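Next come two complexes built around chain A: one with chain B, the other with chain C.
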Partner chain A sequence: MNIELIFQIAGIGILTAIFHTILKQAGKEEYSFIATLAGVSIALMMVIQLLAELLDQVQGVFFL
Partner chain B sequence: MAKILGALCILLGCTYGGVKISLFYKKRTELFRFLQNGLAMLETEINYTFTPLPLAFEKVGRQSNRICQTLFLQAARVLRSNKSATAGEAWQEGIAALSAEVPLTREECEVLALFGQGLGKTAKEEQLKNIELTRRQLYTVQKNAEEEQAKKQKMWQYLGFCLGAFLVLLLI
Partner chain C sequence: MEILQVVGIGLTGTILTVFLKESNKEVAVFVSLATGLVLFIFALSKIGDVLDVLQELARRAQINLFYLTTVLKIMGIAYLAEFGAQICKDTGEGAIATKIELAAKILVMVLALPIIMAILESVLRLLPS
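So, the complex of A and B:
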């Protein structure tokens, strides 16, 4: 488990929050929603790979 | 080392792009302000010195700011080179040349085009009225552009930098 990925996901979270705030201040609510959605889905894609690894390991432990 | 250099390049590039876009808004506000000045000069040329339109356009174009110079100089060039062109057509060409340099909305183009339609067709008094009307409309347009600038200039600057940081984070 590398710590870099956690920082990367945290950074994406922070930047997504900034995007949301900036776009909302400029009066573009619909774009701010899309930006947030994109940030969340990118972070999710990163997490899903790790989850798949975890699932494999669990399967391995119980000889499934 | 190469990684850091690449990250820096991406960050700088995106920031530059954001600043470049944000400068467009500043340019638009300035354009409308200088266009009003240009029309005031044209009014003087028509009212007091009775200068023919091609010459008046050229004079105003030379004296006015670089941003709105294109409009007047292009119109003057068309009027000089194409003898059968009306003042309205020449003005239209000028607008086309201007909108290639500065992005204009349809509404702003229409305000300018409306001015061109009455140009050079009627007596002096009507011309002056037309100029006054257009100047007032341009003032409203300028106020709108200023509002838009206040809203969007900062947004694009921050957005460019944030986009760069986002890309760097994804690629690192």
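So, the complex of A and C:
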């Protein structure tokens, strides 16, 4: 059970939220959107690897 | 005491999700998804041992392994569909969740059809012609 991954994703979320706020305050709306998009993409990459592991394991256990 | 770990991970994930929901909704979904995946993978490693015992029992009772694998496949489909549907429901997409459940039910029915046919054939064989 790797709980580090949950903390990593939460950290990415907090960081992108801060970037979003700072860039919005600076008047760079378009950059703030891109920052959020980048954070979501990185989190998606991490979750997708975990999802692939789960699907592999389910296929192995249940003969799917 | 693995249940303590499970509860701890679940609570940590919940707190982080609630914290992130205010500022960053998209990543909050990922946090809850990752928490669910970690817990699910852990539970799956335990289910594997139980299923090994079940297979051993079926082998000793000389039950056709085809029936056991069908039941196991149905269980797998149900687990996966429930997981996906719950994630969809949590994010407010009830319609997609319902479709996932519908597809899972249909897949289960397709898997169960050979068994139903076998039962019907044995019933027909019992009936006097």
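What we mean here is this: the second predicted complex is superposed on the first by the 64 of 64 C-alpha atoms of A that agree within 3 Å, B and C clash if a C-alpha of one lies under 4 Å from a C-alpha of the other, contacts with A are read in each partner's own complex, and residues count from 1 in each chain.
Following the convention adopted for this analysis, a residue touches a chain if its C-beta (ideal position, glycine included) is under 8 Å from a C-beta of that chain, and two chains touch if they have at least 3 such contacts.
Predicted model only: the values in this text are computed from it and were never measured.
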Clash or fit (per the criteria above) of chain B with chain C on chain A: fit
Chain A residues touched by each partner, larger count belonging to chain B or chain C: C
Which of chain B and chain C A:Val58 touches, first, second, both or neither: second
Touched partner set for A:Ile34, first chain B, second chain C, both or neither: neither
Partner chain(s) touched by A:Ile12 [first = chain B, second = chain C, both, neither]: both
Chain B versus chain C as contact partner of A:Ala26, first or second or both or neither: first
Superposition-derived minimum Cα distance between chain C and chain B (Å): 15
Shared contact residues on chain A - chain B and chain C: 12
In the complex with chain A, residue positions of chain B that touch it: 151-152, 154-155, 158-159, 162, 165-166, 169-170, 172
Residues on chain A engaged by chain B in the complex (per definition of touch): 8, 11-12, 15, 18-19, 22-23, 25-27, 42
Chain C residues within the chain A interface of the complex: 5, 9, 12-13, 16, 19-20, 23-24, 26-28, 30-31, 33-35, 37-42, 44-45, 47-48, 51, 69, 72-73, 75-77, 79-80
Complex contact set, residues of chain A against chain C: 1-3, 5-7, 9-10, 12-14, 16-17, 20-21, 36, 39-40, 43-44, 46-47, 50-51, 53-55, 57-64
